[in-house]
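Below, chain A partners chain B and then partners chain C, in two separate complexes.
== the complex of A and B ==
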């Protein structure tokens, strides 16, 4: 239990009597903290340019989204300036462009074939991401070991239990890989959404024309038309293959000739943003109402029951269709290609289910004596709810949040499969499944199958993570929250 | 060390009433306090009368013990005094403040002046917070001074209750029950209260630890001039720590007086019975052990008249049944209890409907009970209670009447018959407090009036050795 007093710990730490603040403890033995900080900064520096660029573009988008006539020029300059900062994991550092001129590769990265360059880039992105997380874990471990005044906390047990929960760790890894895919989407794709989908005729590529025996320029749009996957032997670009323009397609192409991997990576971002936004909004509403319900009970509780019943009685799909039609073209309907409205609708209709799940545990914890004790010395209700009740429903929040996120991803995919939801041509997994539907039993099976399998895998990952968190938080409630996993379909 | 610590409250006006109470004067006055829990049920129903018209004073600097069986309303009384439960009636005043109607600054002041230590230290400490955070929380809640002062104060408090400074960053999980209760006590002391309600503070602890916590509480009282309301069901603990003791039965205080006087010479029949339940106690009082029969009646429907009448060993009996034996009375009381319980039993809708329609609900039960109690020979449905000389003719007639009603499912009428026949002043009037002894002790029993013999005399006569 006690790591502070381990004999291997330096005397400086052993000499502390356990009453110092965090800062005092760091100053008493600064080496682990210093080493950690230096390595963390070095890791961050590799990607600092990308982060700065991301923040700058976010600012530009924000200024544009605001109803007003502010000039985003200043921010646009900032954005283009930050784009120039070299980062290790950008497509500029390790490009997968270039062609084979019959004898050697021209313009490729280190004379490597483009697919190897692409694999190298993807590998580096994932190595970097895992290293980053591992380093954060090292930091936490050092904090726990050297700097935390408490030598044990209940959260340590939770973490220990999770570390032995292999199904949960599987979920965590899947979810993490999905998140990395979403975060690094522009760097991961063999090409970009802008070049390949949004403005294909505004960009050109150079390829080796074997007949004329010389490099030829062609627009991406033309190249796409010639590399469609339409279910016949002659008209198909399979996964892990090059098209006739020397472009590498890890997941093959769509029926339109667009690159499926780029499409999926960008779609992951949309799914994650909608999922996170809707689930966190739902959680915020649901947990607040659950705490109020449990603390005040009676009329407050009853009114929330009625409200949630009313919301649950709304037909979600009809509401979605109606609102997407009504709001299309308005500024809010165009925010993030319609994803923002989707997230709002999911949150607005999804919170009652969560509220119902949180209400029970919240009612239970409100009965605990420490809540009474806090009331007896005049603690404010908000503080009681925050300090004495919320920590006890956080576990449920994580579990249901994780599982609902999986559900939201299915729902978004389902909607775009039906032709609703995110505005085309913004990539969305469900639309890929839909596009490939006529070709499932042909050589172009990859169009539907790959995104379909990925959806299943990611949703399973989120559910597994939820299971793991639940078992870690409360080892006795093996199936207490099990019914949450079933909900998901949404649309 | 009295009161709220006037200097701590930066800038705010301190109540004039503060610290004017001298040691020995009433610090908290409770007058006719009532706390009923209304039933939310569909069919309405009667409220649970957890505390039903209680009056007493808690004097500054004393420890008032509050004893009684589980469920008699001790804890509710303590919580209502603190304002944790809103009183149904009556009032609690302290330093001229009416606790129930406090709000704003005065309420905050009362919340600083009066604290509570809870029974179960496992349940009353939030185990996701460190001990330091737990003890500091009252200070945070009342914006007491600055950050560093609060931390210093917590160290001081931990030291005061016998814990170390390094326990600041530990979690409750890492402590034994006794240490956890010390944390609970430190938290209660944080705001320098003058009055603390101790709700069975040691009953969840090992016996070996109990004494140390009790000693700590006594030391703290001497050092800080605290006033305690010590709630317990362990009579020997109360005898050890309390200056005065209040005995509670079914929402009512039946006897209140100096601890030693109450323990050596209980005035109320309930106190006598309760004390006689302490192992080894009857040798001290040279009295036979009085067994308390059954369990207390439901507080949802307490007996009319004296609350304790259904189990009282000294109940006033009507003159015409003077010649009934002790055994006979025991049996009759038992039948009465059974009928009362049947009457008040939570019954389903079907059962209620049957009863309304006059269909015998569970007549066979009552037959068995009567058979058991009066050893009736199975002489058919009309057979009366046995003729073994247990009951006199008049008594038997009354019992038979009651049984007849009960057989028809009319338990209310059956109970009424029994009450009419065997009842007395105890079943009709709620006894008033009578001053007994010369130290201001009060006891609520009609037998303290000149009309009747003193309870102890009656108990000795009925249960004493000569009656053996």
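== the complex of A and C ==
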């Protein structure tokens, strides 16, 4: 790929000789960068309110969690102020919760039927997300074409290999859709967790009462009680259907009458947060220890081998159960509904599996001449590890990170199926499976089936992504390595 | 000689691992934020200081940590596992384990066996017919099968078995109930009846009816518990066959005119089995962890269920002792795995030095 012949303004770029900084290159030929930035900002502006609100609520939670002297009220005001900023993809802009007043729908977007309004919003969320990613890709492409000093880098080959790896792309798409579901969870659900689950009797809905022939008000709690899915024909709200209060349920309802889709979207968020947090923590531990043991070898390596063997000798799922029981009820166990401590436990029990996978490549790179050269040159060990060894194992980090995330999602679901882990009112996929268990062979089959199918799909996606990344980074690698990591200790 | 030295080293390494693992368990349970004494007293009278103190004394919790630790370690090493506090108060832990373990062993045995006898042949088949439609179908099934959460798979399988009559009616036109298929079992879930073998292991062969019933009872749980392993074995079997096929000795064998059948059975499949050995043994991790969920769903009173109940009810002594047993099991399985590996592939001892 030639950078110069493709560009529209060869003169400006031809003047550069490859020694300038990135900024100088952009200033020499600003048009593509400027266009990209403007569009990116416009895309971001559509959702800026949501981002600000998210940051503000995070601050509120943080201030509450830290036993300090700060007043959370100031941040709460900030949070409610940011909630007023209009965003395109919110339930306020495209509302789906309305009612039939005898002639038309009231309160829904463009007076559409609620299910169409909901589909429209979900569709827009996904279109927006895919557009956003596509635009980032365009940005990278422009960077490569106009502003990168090098014509080619080995990373280009990796990307090209991944682009032809359909299984990996399938994984990427599935994982991305899962991430979008988690990120946009509050906007995706036909209703909100607050209204539908946490405080159902504090909210009312209006619905069309056919007997009295007029719209009437009812609390969400009462409506929920009348729209339960309990396995009989009369007592079931199936997927893609309305309940008798005119509320649309894309995935049906739970046995408590709550909306399953809202539950699942919120559960996706908590699974992803725990998964990401725990996997990045275990990556940090595992790669540090792998670098240390590869650099120092000998006694250091041996002690890490013993430590990791000892942790692995405790069956992971049982260790998880033991630790969740021991730590439940402590202050750390209540942070973010118990999700935080769960992530810590996962990281603490999961790092040996990753460390084993990183140690081999780290030992290999430690044998290389450049490490020797850096050492004789007098560079500090930390600098050698960070600069000359770490980049070599980042590829493995991506592969095992992706596979471990899938395993973490299974294990979290398994724990909450058992009634452990994330504290009860908070939605979690495993709990939906548990709630639907008595009704699997009845008309209310959807309660257990849908979350299970989604877990399988997401985990397959993470594994496929890991496969794709591995084949892209190292096409000759053994395709069946590191199996136990992706299975969440047998959940 | 080197091989023996390798194994001796392996044994020596197991001791600190065992010690570290057990110490961690002790630290989590007895240094953690939980107060086992109040757990034992339960809701009845946690405010009663005298009762709390008495309970602490009884379980030796009043001792200084170091003393308690030494005592705990000595008790464990000498297999003096003491009594449970809560679950079945006063029952010796050892007799509980002897009660519960056979069911888990039975479950684990069949889940390994099913996984091996279904997963490996399928993987080999896929590898021998690589890049065909059947290869893709098998591989995809294996991947999805592996990604399914055990507990969910168990629930779905149970639902299918409950509806077995309707399903077979629709598929084959004859209603076959799982309950009465081949041998009668009283319920789909529950414990397998293994008591007929008590004191008479030969009954396994002499009383085939009971054996068959016990197998049938454990079969759905074993299939679920082995599901992840089955997927792994399929994948690795496939890769192993692919790799063996491209070895030079296969070309040599072909060149000297070895028939296709001998080539596949003698030269490819036998060598492809080597990488599968450590996989099968390392699955013990998954089996022990997975047994908690599978035994819970299928209502089998095995070790996993026992551990879970003990953890939930706060019988921390039982939790600690069971954990110790599991650690011994896993460390032991690891040693057996290395032993097998050195026997099958003599290069190992030298490589891993």
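Everything that follows uses one rule, which is that the second predicted complex is superposed on the first by the 459 of 491 C-alpha atoms of A that agree within 3 Å, B and C clash if a C-alpha of one lies under 4 Å from a C-alpha of the other, contacts with A are read in each partner's own complex, and residues count from 1 in each chain.
By definition in this document, a residue touches a chain if its C-beta (ideal position, glycine included) is under 8 Å from a C-beta of that chain, and two chains touch if they have at least 3 such contacts.
Bear in mind the structure is a predicted one, so any value in this text is a computation, not a measurement.
Trainee: Taking the superposition on A as described, I'd like to know which of chain B and chain C A:330 touches: first, second, both or neither.
Mentor: In the superposed model, A:330 contacts chain C only, not chain B.
Trainee: May I ask you to decide whether A:80 touches chain B, chain C, both, or neither, giving the answer as first, second, both or neither?
Mentor: The answer is neither, since A:80 touches no partner chain.
Trainee: So, A:198: does it touch chain B (first), chain C (second), both, or neither?
Mentor: neither
Trainee: Where does A:318 make contact in the superposed view: on chain B (first), on chain C (second), on both, or on neither?
Mentor: The answer is second: A:318 touches chain C but not chain B.
Trainee: More residues of chain A are touched by which chain, chain B or chain C?
Mentor: C
Trainee: Looking at A:369, would you say it contacts chain B, chain C, both, or neither? Reply first, second, both or neither.
Mentor: Touch partner of A:369: chain B, not chain C.
Trainee: Please work out whether A:244 is in contact with chain B alone, chain C alone, both, or neither, and reply first, second, both or neither.
Mentor: After superposition on chain A, A:244 lies in contact with neither partner.
Trainee: Have a look at where A:417 lands relative to chain B and chain C in the superposition and call it first, second, both or neither.
Mentor: second
Trainee: In the overlay, answer first, second, both or neither for which of chain B and chain C A:217 touches.
Mentor: Neither partner.
Trainee: Can you list the residues of chain A that meet both chain B and chain C?
Mentor: Overlap of chain B and chain C footprints on chain A: empty.
Trainee: How about chain B: which of its residues touch chain A in the complex?
Mentor: These residues of chain B touch chain A: 82, 84, 107-108, 111-112, 115-116, 118-120, 123-130, 137-138, 140-142, 155, 165-166, 168-171, 173-174, 184, 187-188, 190-191.
Trainee: Quick one: which bits of chain A touch chain C in the complex? Just the residue numbers, please.
Mentor: Residues 305-307, 309-318, 321-323, 325-327, 329-330, 406, 410, 413-414, 417-419, 430, 433, 437, 440-441, 445, 448-449, 451-452, 455-457, 459-460, 463-464, 478-480, 483-484, 486-487, 489-491.
Trainee: Give the list of chain C residues in touch with chain A in this complex.
Mentor: It is residues 13, 16-18, 20-21, 24-25, 28-29, 32-34, 143-144, 146-153, 155-156, 158-159, 162-163, 225, 228, 232, 235-236, 239, 279, 282, 285-293, 296, 304, 307-308, 311-312, 314, 319, 323, 326-327, 330-331, 334 of chain C that touch chain A.
Trainee: Which of the residues in chain A end up touching chain B in this complex?
Mentor: 1, 17-19, 148-154, 368-370, 372-380, 383, 387-388, 391-392
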